Every structure is written in structure tokens, then in C-alpha cells.
Amino acid sequence: MGRITLDKVRKAFGDIEVIPPLDLTIEDGEFVVFVGPSGCGKSTLLRLIAGLEDVSGGQIRIDREDATELPPAKRGLAMVFQSYALYPHMSVRKNIAFPMKMAGVPHDEQERRIASAAKALNLTDYLDRKPGQLSGGQRQRVAIGRAIVREPAAFLFDEPLSNLDAALRVGMRLEISELHKRLATTMIYVTHDQVEAMTMADKIVVLQAGRIEQVGTPLELYNTPRNKFVAGFIGSPKMNLIEGDAATQHGATTIGIRPEHIGISAESGLWEGVVGVSEHLGSDTFFHVKVEAVGAEPLTVRASGEVSLKYGDRVFLSPDMKNLHKFGADGLRI
Amino acid sequence: MARAVTRNRKIINTAVAWGIGLLIFFPIFWTILTSFKTEATAIADPPVLFNFHWTLENYSVVMERSNYGRFLTNSIIIAGGSTILGIIIAVPAAWSMAFVPSPRTKDILLWMLSTKMLPAVGVLYPIYLMFIRMGLLDTRLGLVIVLMLINLPIIVWMLYTYFKEIPGEILEAARMDGASLKEELIYILTPMAIPGIASTLLLNVILAWNEAFWTLNLTAAKAAPLTAFIASYSSPEGLFYAKLSAASTMAIAPILILGWFSQKQLVSGLTFGAVK
Amino acid sequence: MATQHSRSAARLMMAPAVVLLLGWMLIPLTMTLYFSFKKYLPMRGGDLGWVGFENYSRFLSSSSFWPSITATLMIVGGVLIITVVLGILLAILLNQPMWGQGVVRILVIAPFFVMPTVSALVWKNMFMDPNYGLLAYLWKFFGAQPVEWLSQASLPSIIMIVSWQWLPFATLILLTAIQSLDGEQLEASEMDGASPLARFGYIVLPHLARAITIVILIQTIFLLSIFAEIFVTTGGAFGTKTLTYLIFQRVLESQNVGLGSAGGVYAIILANIVAIFLMRIVGKNLDA
């Protein structure tokens, strides 16, 4: 079981409050992603849950039990660190066995769990190597293996993929998602990469400056961002945010439109602009179009497939009004 | 930066470096060589290099004159004991400073180092009195304690710099894995820091071995280590070069050999862990 | 990684080292202060009562006081200059490609292993003796009059002996620092047209700043209290009486503990002045 409740949890370092009082409930078996720009307090929040930092106020409950004062070892949580934090002087087998050794799990049982974890993570052939002899992806798997064998109430991941190269990252992303489906254990995952958040999460928690900006499923956040910050943060490439006359026309201070919700044509449309840099990805093409009517920032526009427009070409853009996001002066969604 | 260097340049480098190296090493070489000469050859004019009658006589004379074994045992116990005791006390302190730093950590560290600047003579007499009163004068235990105290700041500092190299996340992982503080120190930190601890150990054994103020002033017959053994040759026996050389060789050989066998750890230790 | 729990554990684990050093510092210091205000002659009547600041003024007005300060500073300064300058040159040399680098390094480190009493004895008798010393032979070989090193050039001789002991240390630290210098930085500066001298001045030397600080700090700590080298060679004669040695003589040779203790307090003050200077510099450089 792994239902984690944060009740008015607060954290301050000296006079600086990094996390103002915050409430959050993570249901058993959920895959929750904390996402936000660096310095938003997401890692601190994870470390508070882990018990590696003291809370300055509030309560943390794990399965209804008050865990606020419990040391990390007693919380029944397992953590995978950004640097993997493998013990360099121990073999893979010893690394994975370490938490069980600390917990006094009988030897046979240790062997059984190591074997099954190694099998699931493709580590069987590497059990007697030292971490230094493994690739980045393998180290990552060992770190996960060490977490699995504890059979924890919840897994905590602290930016686990940020040290891997791009190709491996996609692979590990899938592996972690699959692991979650198989174990159905609560997982809390911290990342600054909104793509990871979108692809893996059951529920995303967007944080900024220690505050929760929005909690919801990936599609909720994508389709109905609660405020300007979430709108700009979720989605790649970013949503176009437009202020000024173009926004006031729609009764808002700011309007937002995603790149895929703008049509591009050489003949006619709402806004006239000049094509700047274009990024060709094969399946899609992103154009950065400068439109005088909406301000200095170029708009990003997505076109399917290959569209031949050159730098300096004149084009017309037509936003899809059904998918227009409107935000008021306070930044909140209207 | 593997840049090709001309062969000539390398030859010059080698010649100059070897020349300087041999020059620096020469006094030691000369001492060892002289210890195998007779007293007459030792002061021969002009000095002889290799073509002399090699003899072990000086060593047996030195052995007869004083109980080398006892001085050696004292040196080993005092240097080894003070270093090991120091490390046992310093490991927890260095752990605290490296992994739970507070705004005052650096001040405490610098304060510890500054206690090493306290001139020993300034406090010699009080220590002397205390030693008499506690019955520690001329005992190995007394010297073990004093040398541990004077080297403790260096040991703490070195261990601190080595520990700081160990990522804190690994210790946190151990904590998440259910290790208590004691288990964290025993199973994770200490094994990971073995090279650093070895360097610290070696360097401090050498410092303690060669320490010559307290060892000369706080010992007499019973606990005197090799520093005192050799000081007894200062005069007038010092003019018997061959015997002086034999005694000197016997005093420095253990450390020289230890140093050469553990060169790698020692080099890192010699930098006091402070320069990477 | 700081929880309340780990912070209190840290305090507890630091306590033994801190308490021991505090005791080691404060107890003898208090006793020294106490004695310094007394007329105390262990062999000639023991405790002869309070004398106020008399010991202090007597120590200060003694003809040996200022020379001893000069000698101390000359030895510390001289050895520091020699070892740092030669250490830098030697480190640069040892960092060049060559055959047998490991062996050369062993040769260069070796003097560090030699205990001060041994090195002082060997230098005094076998090298600096005006009749049978090796240097005397060398001088005679070139037709010069042998120098009476330890009486005519006593201070330079001692500086030389001590420098020989400490040069390995300086060289090794500086060598380690040079080896950690990023080669690309040098190549970049070479591309920018810097001459070898400019590269040394603008790239190598600043990179070595921290290592040089460490060398100065550690050596000063040890050099302020050198004892055996003087004890064995000149016994404090010929202007080599350092403050340390002067106090040693007052306490142990003339058995005047009160006077010696007053000297000890001066030595502590001197050490503190030096320490404040050093700690300022080092504290800044240690963070890097």
C-alpha cells in the first residue's frame, strides 16, 4: 500500500521559505510526476517525503500513519537518485542486497529477490561486476533493482534519466513505465523535462517557486491549463502566448494558442507574417513566423510533414478559435 | 594534451631531471654508502665512492652500543598508535564536517589547524609537569597521546577533504536503504574512503615517526624512540662518520622502505588531500 | 542532507575531536599564563611567589630576544621562498615528458622521510664539517678555502638544511596541482598568441595559487617550531637561536620556568599574528 498525504507541509531554509504550506494527496498505485523549472522546489519536496530533509511544518502521512518524524529508513520508501548513488566498492549483487541486509531479510529470500530483479532488469550477467564497469543505462537498472527488492510502499525517483543520453532516455522511460504497470506500486517521479512528465504520469504536479500551480492528468494540463505558467510550461514546442490588442479582442489579457492549432497558408488568413527560422523534423515542420499584429515575439507554427516555405516568405496564419486559451490579468484561465 | 615532443627535448628533460633528482637524493645515498665503510675510509681524502672494503662492522658496533630493537619498537608503537587513535577520533568528526556542514564548519576546521600553530615550547613545561603528575613521563602511552593530539588537526583536515569527494547522495541512498548511522560509516563511507584513509595513515605515521620535539623532551631511557636514539650521536660520536651513518640508516630505513612501497598513496597523502 | 537527526548526530561525533583539542590548547595555556607571572625555579627553590609582569619585561629586554625573533622570521621566510620557488621550477620540470619519471619522483621525495635529527646530524658532520665534510673537499678541490658553515654562515646553513627537508613537500603539492591544469586552457592561450612566459604568468601561476597557499600554510606551521635541526647543529649559537630555542633554553637549561613561560606567551602571540594572516588567506582560498 502506498497512499501518501502531505498536509500543510512547509519547508524553510533559515529565513527563506522554499515551500510554502502545501497540500497534496498521492493515491496508492499512482504514477505522479513533479515537474517544474529548476529551483522550483520539486526535489526538496521529494526529499521531504523521503525523510532526507526535515519539514519546517505540517504533516506527512504514509498509509494514514504519521511519518513526519520517522527517519528515512523507517518510511518504507525506496529512492532512485539522479547520480544513481550506487556503492562503488560493492558488486551489483551486493548493491542490490544491501537494503535487504540492513533489513535482516533471510539469505535465501535475498537470493530469490536478487535473481528475480536481475531477470526483470536484464542484469543477470552483470551481477558480479562493480558499478564502475557498467554503462549508464545498466547503472540505472541496478539503482532500480536496489529499490525493487525492498518491496517499498512507494518508489521515489529524483531526475533519474538526466544523466543518460537522449536515445537511452527514451528506452528507460518506457522501462520505468512498464515497471509501474507491472508492480502497480506508487511512484513519485521528479523531472524538469515536461516530455517525461507527459509521457509517464498518471498525474502531474506542476510546481513553481515551491507552490503547486496545477495538479491533473497530462491531458487535463495540456487542454485546460489553469494559468499562464502551466500553459507555457506544458507542451513542446511551447504554447504561443500573445498579449496586447489581439488578446483584448477576445476579452483577455493574454491569449494562448498551441503551434498545432494554427493553420499556415500562402494565400489567406487572420494574421499576416514573415517566415523566420524553420525546423524540419521530417514528420513535422516548425516555423517561427514573425507577425506584426501580435507583437515582437515570433509565433511557432506546426505544419504536418514537409512544407516548403523559405526564410523571408510571406505567409498567412489562421488560429483555430476553438482551441484558444484565454487568461485574465491575474494570469488565471478565463 | 598528448602532444608530440621531440626526442631531443625529452633527452634533455630526462638528463636535467635525473641530475637534480640524484643531487637531492645524494645526502641519503652518501649516508647509506658511508655506513658500509670503515672509519678511515669514511674520512678519506679524496672521498671514495665504490672501490672500498665493504663492511658491516659499523652496524654491529651500533647494535652493541645501544638497544636498537627497543628504540625501533618504541617508534613503531608511538607512531602507529598515535595515528590509529587519531584516525578513530577523526573519522566521525570529518564525517560531520563533510556531510552535515554548518556555517561554522570552516571556522572549526581552521581553528583546529590553528592549534597546530601553538608553539610547543610555550606549553612544554606545563605538559612536562602534568606528565610527571600522571605518571606519563617516559611512557609510550604518554607519547601516543601527545602525538595523537598534535597530529589530530591534520588527520581531521585530510579526512575531511577526502570525504568531501564522496557524493552525499550515496550516503543518502544508504540511509534510504535502512542503514543506521553506524552502518553507514562502517559499510559505505569507510570502504569508499580507504585510499584516502590509507594516505592519511601513512603520512601521519611519517610525521609521528620523525617528530623530534616531544619525543626528545618527554622521554628518557624507557620510551625513547629512534629520534632519541640518533640524537645520542650528536656529539662527539658524530665525528665517527661510519657509525653515525649506520645509526642514521637504521633510523630512517623503516620509513624510507615504507614510503617507497606505498608511493602512490603517499603522494596523495603528502598533498594533505588538499590539492587534486 | 541535513535533518535534525543528522545534525545532532554530527555534533555528537565532532565532540571528541573538539573537546580533546580544546583541552590540549586551554589547559597548558592556562598553566603557562599562571607560571609566567611567578618566579619559579624548580631546581633553586621552586615557587618563589608572584612577580607580576617582571618575567615579561625581563624576557623582552634580554639581549637575545630581538635576535631570536629575527632568526625565526629569517628561517621561516628563507625556507618558504626557497622551497616555493624551487618547488615551482622542479614541478614544471617533473611535469615534462621524460624517461623514468617515477624513479625521479622517488628520489625527490626521499628527504621528506628523513627524520630531522638524522638530517641535521648528517649535514652537520658529513657535509658541513670544515675539516672532513664533503663540502670542504669540494671547496678544496676547486682551490678555495673551506667554509666553516655552521659558525660563519650559520643561518644560511640551517635554512639550507631545512629547505632540503621541505622541498619535496612543496614540489609534490605543486606537481599535483600542475598536473590538474586543464591542457585545453594552455592550448587556447597558445592559440591566442601568449608566449611561454605569458602562459606561465597568466595561466599556470594563477592555477597554482591555491597549492602555493597550502604549501605556505603547512610549512609555516611546521617551520615556526623547528627544533631538532638547531638542537643538533648549532645548539642555538652563532645567531641561530630562534624564539622556540630561546624559550627551550630558559625552561630546560637555565630551569627558569617563570621566564620561559613569559617567553612562551610571546611565542604564542607571534604564532597567532602569523596564524591570523595565514588563516585570512587560506580561508579565502580553501573554498575553491
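Per-chain residue numbering starts at 1, and chain names A, B and C are given in the order in which the chains are listed.
The working rule: contacts are C-beta pairs under 8 Å (C-beta built on N, C-alpha and C of every residue); 3 or more make two chains touch, one makes a residue touch a chain.
Bear in mind the structure is a predicted one, so any value in this text is a computation, not a measurement.
Think of the whole protein's Cα atoms as having one middle point; the chain whose own Cα middle lies nearest to it is B.
When every pair of chains is scored by its C-beta contact pairs, the maximum goes to B-C. Distance from the subunit B centre to the subunit C centre is 16 Å, each centre being the mean of its Cα atoms.
Computed from the mean C-alpha positions, the centre of subunit A lies at a distance of 53 Å from the centre of subunit B. We define each chain's centre as the mean of its Cα atoms; on that basis subunit A and subunit C are separated by 57 Å. Residue positions of subunit A touching 2 or more other chains, listed in rising order: 52, 71. Annotation for subunit B: residues 172 touch two or more other chains. Contact of a single residue of subunit C with at least two other chains is seen at positions 1-2. Only residues 1, 5, 9-10, 13-14, 16-18, 20-22, 24-25, 27-28, 30-31, 34, 43, 45-47, 89-90, 92-93, 95-97, 99-100, 102, 106, 108, 110, 112-127, 129-130, 149, 152-153, 156, 168, 171-172, 181, 206, 209-210, 212-213, 216-217, 226-227, 230-231, 233-234, 238-239, 241, 244-245, 248, 251-252, 255-256, 259-260, 263, 266-268, 270-272, 274-276 of subunit B touch subunit C when the two sit together in their complex. Every residue of subunit A that touches subunit B in the complex is listed here, in rising order: 50, 52, 71-73, 77-79, 81-83, 85-89, 98-99, 102-103, 146, 150. Contact residues of subunit A toward subunit C in the complex are 51-54, 71. Within the complex formed with subunit A, the subunit B residues making contact are 167, 169-170, 172-180, 183, 187-188, 191-192, 194. By the touch criterion given at the top, residues 1-5 of subunit C touch subunit A in their complex.
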